[in-house]
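Two complexes come next, and they have one chain in common, subunit A, joined by subunit B in the first and subunit C in the second.
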Partner chain A sequence: MSEFDIKYIVESLPYIAKGIELTIFISIISSILAFAIGITIAFLRRTDIKPMTKLMALFVELTRNTPLLIQLYIYYKGLPSIGLNLSPIACGIISLSIYTGVFISEVFRAGINSIAHEQYQAARGLGLSDFQTFRLIIFPQALRIIIPPLGSQFINLIKNSSLVSFIAVTDLFYVIYKGAVDDFMFFEMFITGALIYMALTGIVALLTNIIEQNLKISGKAGSI
Partner chain B sequence: MYWNDIFENFDFLMSGLVVTIQLALLAVIGSLLCGIVFGVLRHSKIPVISFLAGAYIEFTRSIPLILFIVFIHFGFLPLILGEASTFFQSACVALIAFTSAYVAEIVRSGLNSIDKGHIEAAKSLGLNWFDRMTCVILPIALTRMTPALVSQFISLIKDTSLASTIGLIEFTRSGEIIYERTYHELEILIFIALTYFAICYSLSLLSKKLESKPYINKDSENLKQLKELA
Partner chain C sequence: MIKVEKIYKAYKNFDVLIDVSAQVEKGQIVAVIGPSGCGKSTFLRCINGLEKVSKGRIYVDGKEVTAPDTNLNKIRSEVGIVFQQFNLFPHMSVKENIMLAPVKVKKISKSDADQIAMALLEKVGMLDHAHKYPEQLSGGQAQRVAIARSLAMEPKIMLFDEPTSALDPKMTNEVLDTMKQLAQDGMTMIVVTHEMSFAREVANKIMFFSQSRLIEEAAPDKFFHNPQSEITREFLRSVLKLEV
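Moving on, here comes the complex of A and B:
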């Protein structure tokens, strides 16, 4: 190992900044979509329509138990062979949000199940519809409990977003990898990349903590 | 759809699957051992040791696995060994280093869940720290942690697919080699996805079974072992 080359890192900062930008962009869009997908699946799995709940359960298990890399490849390399061409970034966002959304739906399900059943019965007894009960009674209470595991899913999403570099998206990991392999700056780029990913995930962890503290009802213990 | 590729190259795909399974098994064993050590160190009362273990765990948990694999393969292992490492070695070391941090966190939470009475009882029987750990605390903690550990190892199996990106010809890469030649990507990828699903889903069913099992019997077994020891 040659000596640590700080100058190289400084010189490649503009490229790294572009990579960070793209990683943050993909992460934010995917987070929002994943959250929406997660809620939708969790709600659909609670409905009384048997085929729908079965289908959703199958979809969840299929997505959870296959590697994200394979799912990325299916969207990027597989779909064109049936005539569906998507841009690499779109493929990245779709697969990341579906993959994370499924995990989020499981988190939601655990949260919803932890709400006492009487709450549901009381809400129905007051004449609220199924959807209203979910939206006004169950969901707000569940959301409070699941904030820590939800935060760790978003952290996982940021880390998983590095995989989009294998379908030709020039995100942060791609820039780091190129710099390391093309210019033989392994340790410089490793440290830089690790620090940036630590900062990104650290920010999310911090936000999760702040939100958790703000939403906490004092005196009420409850987290999973 | 053209599914013949799969049957024509079945042997090649299966040889890839064997590499994946070997890698996963080695990584499971390695990360379980390293994870227990890190978890116990993290749980230790000596501030320096628990801080160092904590720093390693937090560092590893906050960076992507693929960064680990690439830099262990191109930077870290060649430096240690003095020569280029094989793809298999790099993937194995990276997976162990990465997963052991997650296992360590599971071990720590398992250790925290141990009733103080158990520890005090073991102390009053005159067991030293090592005996307390290996005969009393860890066996109870490990049974409690089993569901969490199994789901961690399921993600490890999924993570082995990342070894394909540095060039190890495991299951994913062997599929890639086939469709790069035949251009029937979707069929091969679906086959690979379903195979991973079959492996991981059966493990997750096993984990669910373990979750619903009461731990009382195991505890009384530990008591028996303890009696023999005392």
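Moving on, here comes the complex of A and C:
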């Protein structure tokens, strides 16, 4: 390894671009699903149905306390054995969505718990149903509080998506790694890869900031 | 209008309400007083089912609140409640706070709800603040908006849970004036309060709670000048420095 070979990177760009495309695709779909899973788990955990809350709590613990890589393999190897033959990309999206969704549900739960119980009482006192209270009063307020930690979860998701290369998904990490080991271009490829991941996560951080500013409640001084 | 029959309420090992029975007639203004922690706020919240009783029955306008199959949302839409801490929804403007329940619970059109909201804001003297957010209001203003928000559902009964305890004297008067106006309009009201002047001037019945029990019920005149219970006399002596 003599010097940094820019020419190699430039020549690899079309190839890298394909990887970027797939990483973005997986990240966007997984983010949307993770968000939905997160809200659903958080909502189910605050219902009165004891078996449901227990089951959800167990699912959260199982998921967040085991490595994503192991979960990825469990879905990849396990789903076919119950007759579900999904593409590696689909398996990657499923495991990323569930893993991140569980973390998002915890973020939501913290946000929901931070909304004063009085808000709940005021809404129920007006005759709003439990679900209306969640949707119109609790959730909109919790969302404003959790935007920053929520952004971190999406950033983690993008970085974690690199693990799907282990089940032969040709994402950004896969093409970087392949270039690095096949052509002995370790520095070139890994540094390029790091920069691209940084750019992708940077976009999320930027979006988070913009959303945070736009959701600010009028008349509230300082942070939301 | 409201009938409370032998209700009990316990949290874990602590009895909050013991054997409370009471009745409130249409158009009556009831002041509920007593030392902190005596159960008066819990009593109020049991009436619209925000707190569940451990035992006993409560009827509002002939419907049993405490029955397991009661549609509590329906009852709550007919029984307004105003809290000590106002509890306006901070992410909605003043007008949106008022329009929410009529639109979402009563399913009336937004334009009708808008008219109701503006009329009520005028009534409570807050018309100029319709587009502000709760954070921009003083405590007295916020509480008047909270009253308007409850009135928007056209309740038959209004419950007030220490509505002026978080306010300074000037703001307290603003809110009390609004409540007096409501009383004159013939609203049935139950007011948990430490404002003895309000209890004396506006209420036509006093309920005195102490140590989880309803100790005494009487018209204000009788209550303040000729209380029947020694516990009441002790309370009036120590809190109000009254010679009774």
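Keep in mind that, in the parts below, the second predicted complex is superposed on the first by the 216 of 224 C-alpha atoms of A that agree within 3 Å, B and C clash if a C-alpha of one lies under 4 Å from a C-alpha of the other, contacts with A are read in each partner's own complex, and residues count from 1 in each chain.
One rule holds for everything that comes next: contacts are C-beta pairs under 8 Å (C-beta built on N, C-alpha and C of every residue); 3 or more make two chains touch, one makes a residue touch a chain.
Everything quoted here is computed from the prediction, not taken from an experiment.
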Since both structures carry subunit A, what do subunit B and subunit C do when superposed there: clash or fit?
-> fit
Is A:Gln141 contacted by the first partner subunit B, the second partner subunit C, both or neither?
-> second
Determine, under the contact definition given at the top, whether A:Leu62 touches first (subunit B), second (subunit C), both, or neither.
-> first
Using centres of C-alpha atoms, tell me the angle at subunit A that subunit B and subunit C span after the overlay, to the nearest 10°.
-> 100
Have a look at where A:Ala194 lands relative to subunit B and subunit C in the superposition and call it first, second, both or neither.
-> first
Check the residue A:Leu13 against both partner chains and state whether it touches subunit B (first), subunit C (second), both, or neither.
-> neither
Which of the two partners, first being subunit B and second being subunit C, lies in contact with A:Gln121: first, second, both, or neither?
-> second
Touched partner set for A:Ile32, first subunit B, second subunit C, both or neither | neither
Report for A:Ala168: first if it touches subunit B alone, second if subunit C alone, otherwise both or neither.
-> neither
Using the touch definition from the top, say if A:Ile210 reaches subunit B (first), subunit C (second), both or neither.
-> neither
Who wins on subunit A residues touched, subunit B or subunit C?
-> B
Closest pair of CA atoms, one in subunit B and one in subunit C, after superposing: how far apart in Å?
-> 22
In the complex of these two chains, what residues of subunit A are touching subunit B?
-> 1, 61-62, 64-71, 73-74, 77-82, 155, 159-160, 162-163, 166, 173, 176-177, 180-181, 186-187, 190, 193-194, 197-198, 201-202
Please give the residue numbers of subunit A that touch subunit C in the complex, ascending.
-> 116, 118-119, 121-129, 132, 136-137, 140-141, 144, 217-221
What residues of subunit C sit close enough to touch subunit A in their complex?
-> 45, 48, 50, 73-74, 76-78, 80-81, 83, 85, 87-91, 93, 100-101, 104-105, 132-136, 146, 149-150, 153
Complex contact set, residues of subunit B against subunit A = 59, 62-67, 70-71, 74-75, 79, 154, 158-159, 161-162, 164-165, 172, 176, 179, 183-186, 189-190, 192-194, 196-197, 200-201, 204
